[in-house]
Amino acid sequence: MSILKKSIRVGVVGASSLSAGVLLKILSRHKYVSLALLTSQTKTGQEAGEIHRALGNILRLKTTKYEPDKIIRDCDVVFLAKPHGEQLKGTSFLSALAQKTGSAIKFIDLSADFRLKDASLYKEWYGFTHGDRALLKKAVYGLPELYFNKIKDADFIANPGCYSTCAILSLAPILANKLEDKSATVVVEAICGVSGAGRRPNERNMAIEVQENIKPYKIGIHPHTPEIEQELAVLSHRKIKVLFAPCVAPFKYGMLTSSYLKLNKRITTADILKKYRAFYKDAPFIRIMKEGEYPEIQNVTGTNFCDIGVHYNSRTNTCVAMACIDNLFKGAASQAVQNMNIAFGLKQTEGLLF
Amino acid sequence: MSILKKSIRVGVVGASSLSAGVLLKILSRHKYVSLALLTSQTKTGQEAGEIHRALGNILRLKTTKYEPDKIIRDCDVVFLAKPHGEQLKGTSFLSALAQKTGSAIKFIDLSADFRLKDASLYKEWYGFTHGDRALLKKAVYGLPELYFNKIKDADFIANPGCYSTCAILSLAPILANKLEDKSATVVVEAICGVSGAGRRPNERNMAIEVQENIKPYKIGIHPHTPEIEQELAVLSHRKIKVLFAPCVAPFKYGMLTSSYLKLNKRITTADILKKYRAFYKDAPFIRIMKEGEYPEIQNVTGTNFCDIGVHYNSRTNTCVAMACIDNLFKGAASQAVQNMNIAFGLKQTEGLLF
Amino acid sequence: MSILKKSIRVGVVGASSLSAGVLLKILSRHKYVSLALLTSQTKTGQEAGEIHRALGNILRLKTTKYEPDKIIRDCDVVFLAKPHGEQLKGTSFLSALAQKTGSAIKFIDLSADFRLKDASLYKEWYGFTHGDRALLKKAVYGLPELYFNKIKDADFIANPGCYSTCAILSLAPILANKLEDKSATVVVEAICGVSGAGRRPNERNMAIEVQENIKPYKIGIHPHTPEIEQELAVLSHRKIKVLFAPCVAPFKYGMLTSSYLKLNKRITTADILKKYRAFYKDAPFIRIMKEGEYPEIQNVTGTNFCDIGVHYNSRTNTCVAMACIDNLFKGAASQAVQNMNIAFGLKQTEGLLF
Amino acid sequence: MSILKKSIRVGVVGASSLSAGVLLKILSRHKYVSLALLTSQTKTGQEAGEIHRALGNILRLKTTKYEPDKIIRDCDVVFLAKPHGEQLKGTSFLSALAQKTGSAIKFIDLSADFRLKDASLYKEWYGFTHGDRALLKKAVYGLPELYFNKIKDADFIANPGCYSTCAILSLAPILANKLEDKSATVVVEAICGVSGAGRRPNERNMAIEVQENIKPYKIGIHPHTPEIEQELAVLSHRKIKVLFAPCVAPFKYGMLTSSYLKLNKRITTADILKKYRAFYKDAPFIRIMKEGEYPEIQNVTGTNFCDIGVHYNSRTNTCVAMACIDNLFKGAASQAVQNMNIAFGLKQTEGLLF
């Protein structure tokens, strides 16, 4: 493949966020990547290693201002890492510019702005009206375990939310195998570390508020809800309602989701696990636990793995599907790189097995 | 009341456990209590303040060997704090001895040995055959918010489990008001701090295993399951199946339970909260949160409070009931003292509002 | 004493800070205290139990605006809990007003504004010029283990800093016994939990910055340095220079200080410990560890205790003096109450042995 | 170099320890390494990915029994990762066997057994008599920033202790530049995460003991003391006494050491930092902080970096040298790989810039 003869020229827009930091760490050691440009509105002109101290002595590239022409000209792929909503306008403009100039540039968007196919949901769950339905339609939902072939040919990839990645991956084999009770809804409970809240100071994310505490938040109203529902619907070919209840706990990285759904017939945990292994037989980043074992965050921290464990509760005919990911890796940056690998014809594990 | 003219003479059997440490802390400042004797098999002859370092300079009483006659003679009430199962035999003997000698001694058992009314459940959930059905029948389940009047007259009180206390209190008003869907089961998910595992070293509870991690355990098979089911059945006058899924998180004290159950009709969160406030109007240790607010462990740490928050999810017609307690206080030691207060005719808050 | 016939009427100025929260918790269960008024500039009109959620259902008193006349008229003692510097002006005014009106009110100031006898040090270490040298002169340094008799008669008590309390108490017996090498300086290293930084959001105190990290700060320039130097000088009758190096670690409450100083002759740890025990024989809140044992924060959390352990290192002829306190209790609120107890002729442990 | 034409065949003896886990993670992605064999006494026959769950799906190699002949025959380098003391005998035997058979195998020992040049110190600090003075003499102390050239030609490398690495690296430029006061001793205080205690369960390392606590231990008697003294003596050409005081804090990985020593003349922090930068100008893993900034563990976690910050305290003429490393990486496994890289003529950063 021609791309392998030279490096992929990569740009990162919004290089000062937590997930951008992880992204830069991964990209800086990716053997087919050359970092072409970084932009940051708040920290223009700073070295990446100053913004993200862990990158000191590793990455000396400086951030520049956001210049659309330069981005389109100098990059083969752009990771978009600005906050939700804020980025829609710029992204749409970039994408349009690329099309106009005939650029072969690809976009991987880490925000939520192009994840929901039904544009009207943005108003309801994110509070803004989506202004680019054309691009929304074009965007491929970047969950490689479900959409590998679409991602291969995609120009615009909407990188999934962290909770969504974790919940969807843990539930997909149930729904794909039509095991769920049709009347049932899905309860998804999630426990996330403090990195989920980003870097911006506010009262809720102070150490004094998190230490020795659990903080439930946005119960039933978290905007990853419709994203999970959208993908479960694709898998099951019917509408599925999700009650999503996240909380923050005193650790730094990673998350666990526990999802509960009624099944339509009696089964065993062993049988369910067999279906999971079959469903994910070609997915190098999915690890299915043995019966009686459950995923633990410590085993996925700093990796692109998603560990999944299942318990079938015969007393209530309910399946508990648990999954762990690192929210900044498989939940954001390393999944974005996995998408890049696929979109550029590389091995999907390239630069990600560390 | 005559008892108020003199101190209640208190004995603690099994004084070296974590919850015994909290119990001693509370009892040592309780104005109607005089600590009569402490026993410890593993740490006989040591000062309480050596076993529980936080009690240094506060409690100089030494533990003695376990001598039934002396216990019956010198105490008005005995707190039993030995491990589950181990304690059954001794307790039955003590109780029988008290009866034989006509002693007016009362027992408050912090273990699980007398919580389940159906003796056969012990074999299934705890792995031992219960050998004292008579005492089991006599034992009053010591959840003061539900059994105040029974506790008042009880000679033998089975102090509830920590998870059970938290889950039952958070669900009681729903069931008492017949709001639940009859076909539905209850999912209870719990997050507990490391003190839940006690003091004995084992691989699972090492700091290296807990830090930066979440550890799900005993999913669907935790022995507090039948205890919760027993009390929900009493409240709802029908069998209720519970799927209970606990996990350990990196903090020291306290727990959060989140319980999910389908309702039998549409309602609002505000209406549900009104019913909670009514149900607990005389319960000084229950605090009901406002709509949109959820309980946090940090507000109940070191107290006998149980904070409860509710969200009605209209999308799934499901109620989420969340509660926080300190597992060693309301989940063990301070609830035991609350039971003692009630059984001896004191104000139930005596010595517990700190 | 006449005061014991009725309650001490207590006011708290600046009732929304973290240490005010602890203060209110202690005062609300103190049997000789009646809370007369609370003021808060930022949260006027709110219930104490809303500002400090842990006090919900315990303290319903509402904060009012700051009205000097009312304070002077309605209180026997006022705890001043506003930030350093900000409070100086108001305090001076209050004190002057009290004097003018012949009020017998006492003041206990939790800020740093009256701790340093040499007014010029405020400019150097705190960055403001001290404007009330008369009141500064009158203020008694409220470390009860050293100044019990002065506190008894004091009208104005400057409650010590948290680090200072811990370091001074751990070093006092060495200096009082003239064991230190005269040429030597003292190194004090401290590890403090996140509550040391208060409640106001800023980048440094975000959970993401503290978790899985240690944050050294203000090395050699922390303003508790001159406070420690001042008291060590009083004890040793000569100038002592202190190099103070604090850091923040991922826990919530409490601190450990480790102080290092060369001795002027060879000695044993056992001998040093004997001198510590003698020095603190009448101090109910000081616990001296055995040889080979060191203080741990978990034993003092939520208490007014200061645990001290000492190691004499014969290889370097250096003494390591370690101490633990809870920064919000003995390092702030409970020490303030200890001072109140002494100043009002109560037992110094009154309301503090919990 | 010939070795680059084929992979380095690597063996790991004692593959179940925490640092072996990190070692395997690094080696499994090192492009010039082929893992030849793993041995484990306690977990023989298990896959690496079962012993170290984070390696699941990455490393399927199984551990075998310890067979000296096979090790000598199949490996170019052996990492020895068994506990201190236990390993001495086996190591000596292996090394002798290699010599006898004319094998070109190299050894990198992660234990303390060959770090101290003065064999008599083993009795004093580790409690065992060292039985192989010949091999001890031959062993090169594997701190690449000081002994690069010796390591290049070494057959037997004693990988430094974690605390020692951190303290020595932070002090070396001071001593190499003869800045220290000759009469002075060095105080080294260290704060380490819970991974420092390894995986074996014991009371001190239970989560309940570590959470919300700081645990000082082995004050003045920790066996890394003579190791630090040995290297400081080499640097300064005179005996230096060290008082070393470590403690454990509630985080998982990494450590901070703060070292204090008097200087022999007045200087500025800026001048000291200049000397540090010059001293480490060729050291790719040393990052020197700016004036007023201090190292933080979070920036070195999971890396081979050592971040160093310095404060010159003019008030006490004392230099504070602070350094952070990840105890399992630069303090053990990644430093061992850095040593391997150097000993096999690779770039020292090979496989370590992640």
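Labels A, B, C and D are assigned to the chains in the order they are written; within every chain, residues are numbered from 1.
Definition applied: a contact is a pair of C-beta atoms (placed from the backbone, for glycine too) under 8 Å apart; a residue touches a chain by one contact, two chains touch by 3 or more.
Given the structure is predicted, the values throughout are model-derived calculations rather than measurements.
With chains reduced to the mean position of their C-alpha atoms, the one farthest from chain A is C.
Between the chain pairs A-B and B-C, more C-beta pairs are in contact across A-B. For the pair chain A and chain C, the distance between C-alpha centroids works out to 48 Å. Taking each chain's centre as the average of its CA atoms, chain A and chain B sit 41 Å apart. One inter-chain figure worth recording: chain B and chain C are separated by 36 Å, centre to centre, where each centre is the mean of the chain's CA atoms.
Residue positions of chain A touching 2 or more other chains, listed in rising order: 193, 209, 211-212, 250-252, 296, 298, 301. Put simply, chain D touches chain B in their complex at residues 18, 193-195, 197-199, 201-203, 205-212, 250-252.
In the complex of the two chains, the chain C residues touching chain B come out as 25, 28-29, 53-54, 56-58, 212, 284-285, 287, 296, 298-303, 305, 307, 353-354.
Per the touch definition, chain B reaches chain A in the complex via residues 185, 187, 189, 191, 193, 209, 211-217, 219-220, 241-243, 245, 247, 249-254, 256, 258, 260, 294-298, 301, 309, 311, 313, 315-316, 318, 320, 322, 324.
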